[in-house]
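Please go over the structures that come below.
Paired with subunit B in one complex and with subunit C in the other, subunit A is shared by the two complexes that follow.
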Partner chain A sequence: MIVLVAVLVAVLALAAWIVRVAGWRFALQRLGGSLLIVVLVTFATTVLLRQVGVDQSQKDTLVELGLPPSSQPCVASLGTGADVATVEKCVEDRGLDKNVFAQYAGWVSDLLHGDLGYAFYKNKEPLTTTLQQRLPRTAWLFLYSQITALVLAVPLGIWAAYQAGRKPRRVPRWIFPLVLLAMLGVAFSVGWGFAAVMFGAILLPIVVYNTYRGGPPGDTTVNTTAFVLLSIPVFVLGESLRYLFAIKRDWYQLTGYKPWSAGVTAHIGSIWLPALVLGLAATPVYLRLLRADMMQNLQQDYVAVAKAKGMSNTHILIRHVLRPSTVTLLTVAGLNIAQLVNGAIVVEFIYDFDGMGSYLIEAVARREFFAVQTIVALVAILFVAANTIVDLLYTVVDPRVRATVSS
Partner chain B sequence: MSDDRSNMLEIDDLRVEFSTAAGSLSAVDGVSLQLAEKESIAIVGESGSGKSVLARTLIGLLAGNGTRTGSIRIGGKDIDALTKKERKHFFGVQAAMVFQDPMTSLNPVKRIGAQLTESMKYHLDLPSNIANDRAIALLRQVHIPSPERRLRQYPHELSGGMRQRVVIAMALACEPRLLIADEPTTALDVTVQKTILDVIDELRAERNMSLILITHDLGVAEGRADRIGVMYAGRLMELASAKDLFSGMRHPYTQALLRSIPNPDRPSHTRLHPIPGRPPDLLNPPTGCAFAARCRHARPECVDNKPPLIEGSAGHFFACHFPVGTPEGEAALAENMRAGVTGAGLSLDEAAEEFV
Partner chain C sequence: MSSVAADMAVKSARAHDITDPKRPASQHNWLFILAAGWLIVVLFFVVFGRWLPFIQDPTAKDAQAIAQSPSWDHWFGTATFGQDVFARVVEGGRISLFVGATVTFIGIFLGGLLGLLAGYLRGWVDSLVRLLISVTLAIPALLLVIFIVTIQGQSLKNVILAVSLLAIPALARIVRASTLQVADRDYVKAAQVLGVKKGSILVREVLPNVMPTLVSFAFLTFGIILVAESSLSFLGLSVEAPTITWGSIIAEGRIKFSDTPHMVFLPGAVLFLTVLSLNFVGDQMLKRFDIKESGL
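Up next, the complex of A and B:
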């Protein structure tokens, strides 16, 4: 109930804001469009559901029990051992005996009444319970990973963009003992093997390259490291860090998620490593996007004007250039919201983290198509909502967009 | 020129080179200049003459691949000898600059008010409300109607002329003693140009500022500046008081520039006088006078020796072996006319002018 009220308040606040910023016409257009997308996507899942196929043994069961082909999805969920009455009840319950529009109408009506169906049809566990249990976990994981990614990417991206515009120079010599010291630190705390791989494969080539190229070393180092990180698949990153921090060292306990109510330390302790992995995976993308936009905006005349006014570099970077440079970053962050439901699959699997990702795998593996349909609808709604918000954030970032939407 | 009066600006043998992929490019090639307090000087030259680089160098805006030699003293202070603390509040306070294109000079995502007040807050440490009041006063001084409302607006809500007024107000926010205006009217409508120049004149008189007006338009320079410097290929070719320059120009380049201005008083279909040829390649500058290849006075000597900038008469400097209006100059021109070709190989046949 409280959740429902909170959602309602949030939606109303958002609507009021849209109207204030962009006017009624844009708001109605935008919300109407969003609604249409959600309806189309969910209707498509209903149509797809009716096309669910079954394997030969299940087909045999259908014939054996004398059931029509439309009950295939029910047989798929319930398995070959189900009796006729159960299957028929399921067919009626899910509206598979009616035409596709009536079935869709029934599904929407159920949804609006808060009935999301079963998470697992066989044991009749309601999906709402599963969502209540698993969605917060993935939501926290997503939130922490995005915070990690932004905390790493924004300052480094700004710094790299600033360095890129400076005169080419060689790496100062004091860097080398620092690198050696860092390497020894990593070696003693994590292991010589990891230190050797990390410094051998990533840092040494960069340092050597910079030394002989004489480019802006700050930018090249950050950019190359981001590129290396970008090309490491998330499962490799996840497995290596799990090995290093959870198996070789006991810095992370693989004991499963602990909620906030279990205490801050326990909560953070149970989630920091998967969040770090997801964050590190998103960091290079954000960093490179921000760096590219910053570099472009640093060429603008108003930057020269601000310099002529004697403003400091920090002031120019943060107060002048950062805001107009976040447009691409915002777009991609908005698209990343899909991770809230499905993106963390690999990481959740590696860390035995019972969130939405692992549930989705299980539901698909067990042919719980009714639940999958509802999850897909949820993804669609979240995705559309997040990207509508991003579209509106453009108007905050750049007032010129406001002028074009409201006219 | 007397040096006892305190000079607002002293430039001594300023050279700026850019390292490019094609080699080293010399954009400013040994410019020396003094500007007294309250004095105004116009630097005139065509595109690529180095006038904008000169302006940007003066305000400390040299691009990453540029190197500078020679000294610049602003308000008696050598800008290379500034301490870190002095430097922090130097540019923008002692000297300020107005840029060419008002459409891109303002940050599109920041309100006018924020852009106007930021330097006052940063350099003068003014609290917001006082900075705001000063911003309103500044907008009034540049004749922007309803200034209170403008502070809340974004640049895209203002016209080009209005934006340039804002840019001027912004430059004046910390009350600089030297204003550098880099082609402040080039991107504007002709009808707006005059009002902007009038605003600059008015504020200069009010505030006793020194002014460097960079322009490619001799017409803009006329009547707006005490002295005029003509720049070509990174060098000052002629420097004189405005009156002397227009009445008794010495450099053939200055003369060619003036001749090339279309005069609406002349009957229609009168032949225009373009300057033949192109400015020299700065990656590979000529050994002699940079203008020799396009000059009607050029003799073989001009191709071999670079003429130094000398003071011909009091306060009138020019860099030419055969100046206009002198016996040597007239003789050189007459000799060239007789031969039909200059000492640098330029044909003086009038009909050929159309094809260059």
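Up next, the complex of A and C:
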């Protein structure tokens, strides 16, 4: 209760601030636009739900049994063994006997009353219970992955953007073969396989050597690594790390999620690898954008002024260059939620992590169309809401946007 | 991925120009040739794979060679029933690349049309297209595709349909942004003043200048679609079982992972290299064709 009140107060305070800064018209315009999108998306999912594939003969069978031809989702969730009365009750309950608009209105009113329908239609397990149980797991996964991504991306992004305009450190040429030999020696003595040696001991020295040199080579190395990482499909990355850490070594146990109450080590130990995979997938997105944005900022006159005033490079980088870029980062983080949801579905499937993503796959396999539709709609609402908040925050954080909005 | 990756690609391509205007564009050409070469090799194998003599039957089972590691007889090893994994990768590429190519063409055509009209005509057309884009992109791509494929049934047609729904708005948005830029140029205004018809301006003035961006993004979109389709078949939700795709080979290999790691890593590497090459080619083309304000 206290948490709810606190959240409400925070939201109201934020709303008041936005209205004060950006004006009523702008805030209402944005909110109205988002609301329209939410309504259209959820309505579209309802329309799609009625399209559940049935051929004419199946429709005829349904009509013969005295059911409306659109009752296929009910039949699918209840299984072919269900009797007509049960299906009829389900059809009535879900509004499939009415037209699309009435069905949608029923769905919205159920949603507003906190009734999300059943997670599994057969045993009448409510979706809200499943959400209560599984949503926190996915939420932790998201949180840790975002922390990982930001911890990796922000310093590297700043460093790369900074080094791009500097002279590389002068290093004698013969150092590189030395690094290479040392790495090869380490790799062989540890006993890595041939492929690992190829990747680990030849590419890694190049990365280490260039990173040590700094300047454009360092920047290029970081950027290229990010580019390569960006091209690895999440499921390939997830499977590779599962092989490395959960199958070849037992650094990660596939025993399922443990909550905070089970202890910090148990909790982190049960979640770190999926979070790392999701984090590594998000890192290059943030890194490349931050780098590009900071490079543009570094060209600005105010940077030259700050430098002329005798400010230190660190101060300029953090206060003058990074600060405007955080706005961009915020926007991308908002948009990246979509990517995160995609990743979560795959990663939870790979690691048998029983969060919302693996529930979704399960629900799809069991043909629980209602639950899938509700989840799709809820994710869309969450995504639009998050991006609206980011949009509005944008005006609060960045004075330049504020100026264009109010004028 | 689609929207963020697209925005980012434009941004990083432009940032590159800021940093080193003097660096010759041809310096990394050998990488471009390498990437394009890989794509051509993959395409060659996938298209002509069925007629190449050294590629075995992807469905032929062999009890003597179950789950073997790569060897000279089986370049990528063998699957759980002794099928040749290399042949399966070649066969699987047919579906994966076919879906990618078809969807990219649909996306370029319909997305390009919507984007052009929205960006040039503005007004209510623009509002409508923008609304369509926001509504479609409000559902995370994989979720939307899963939803549609489960409802419509798992067939090649439905997979293509579902994935197109993801490519069209993404490309429409990019074309719209690009068109907005081009439509502001003096030569377009000159054509308008001269009284050239709108359709003619669109086709003869705007389209040729939007095309390079569109084609570069087509490569990036191809990569995204390839990953989307592979993820879908990895989850077992793409085209039904006996049909082979890259994702389904990996999904089969992961079940007994310690016995058949080659069934995960080698198709995974092929997929990764293909996506990397597509991204690289698209990125380079974007850098090359990007219209720079300062250059005019």
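One rule holds for everything that comes next: the second predicted complex is superposed on the first by the 325 of 407 C-alpha atoms of A that agree within 3 Å, B and C clash if a C-alpha of one lies under 4 Å from a C-alpha of the other, contacts with A are read in each partner's own complex, and residues count from 1 in each chain.
The working rule: contacts are C-beta pairs under 8 Å (C-beta built on N, C-alpha and C of every residue); 3 or more make two chains touch, one makes a residue touch a chain.
Predicted model, so just to flag it, every value in this text is computed and none were measured.
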Three-chain arrangement built on subunit A, subunit B and subunit C clash or fit: fit
Partner chain in contact with A:Pro324 - subunit B first, subunit C second, else both or neither: first
Once both complexes are placed on the shared chain, angle at subunit A toward subunit B and subunit C, C-alpha, multiple of 10 degrees: 80
Superposition-derived comparison: subunit B or subunit C, residues of subunit A touched: C
Partner chain in contact with A:His315 - subunit B first, subunit C second, else both or neither: first
Which superposed partner A:Arg400 touches (first subunit B, second subunit C, both, neither): first
Which of subunit B and subunit C A:Ala306 touches, first, second, both or neither: first
Which of subunit B and subunit C A:Val236 touches, first, second, both or neither: second
Touched partner set for A:Gly165, first subunit B, second subunit C, both or neither: both
Which of subunit B and subunit C A:Val384 touches, first, second, both or neither: second
Smallest separation in angstrom, by C-alpha atoms, between subunit B and subunit C in the superposition: 5
Overlap of the subunit B and subunit C footprints on subunit A, listed as residue numbers: 165
Touch list for subunit C against partner subunit A, complex: 1, 3-5, 7-8, 11-12, 14-15, 18-20, 131, 134-135, 137-144, 146-148, 150-153, 223, 227, 230-231, 234-235, 237, 247, 250, 254, 257-258, 261, 264-265, 268, 271-272, 275-276, 279-280, 283
Residues on subunit A engaged by subunit B in the complex (per definition of touch): 165-167, 300-302, 304-312, 315, 319-320, 323-324, 397-400, 403
Subunit C-touching residues of subunit A, taken from the complex the two chains share: 36-38, 40-41, 44-45, 48-49, 51-53, 164-165, 195, 216, 223, 227-228, 230-236, 239-240, 242-243, 247, 285, 288-289, 291-293, 295-296, 299, 332, 335-339, 341-342, 345-346, 349-350, 360-361, 364, 367, 369, 372-373, 376, 379-380, 383-384
In the complex, subunit B residues that touch subunit A: 56, 59-61, 64-65, 88-93, 96-97, 99, 101, 104-110, 118-119, 122-123, 154, 156-157, 167, 170-171, 173-174
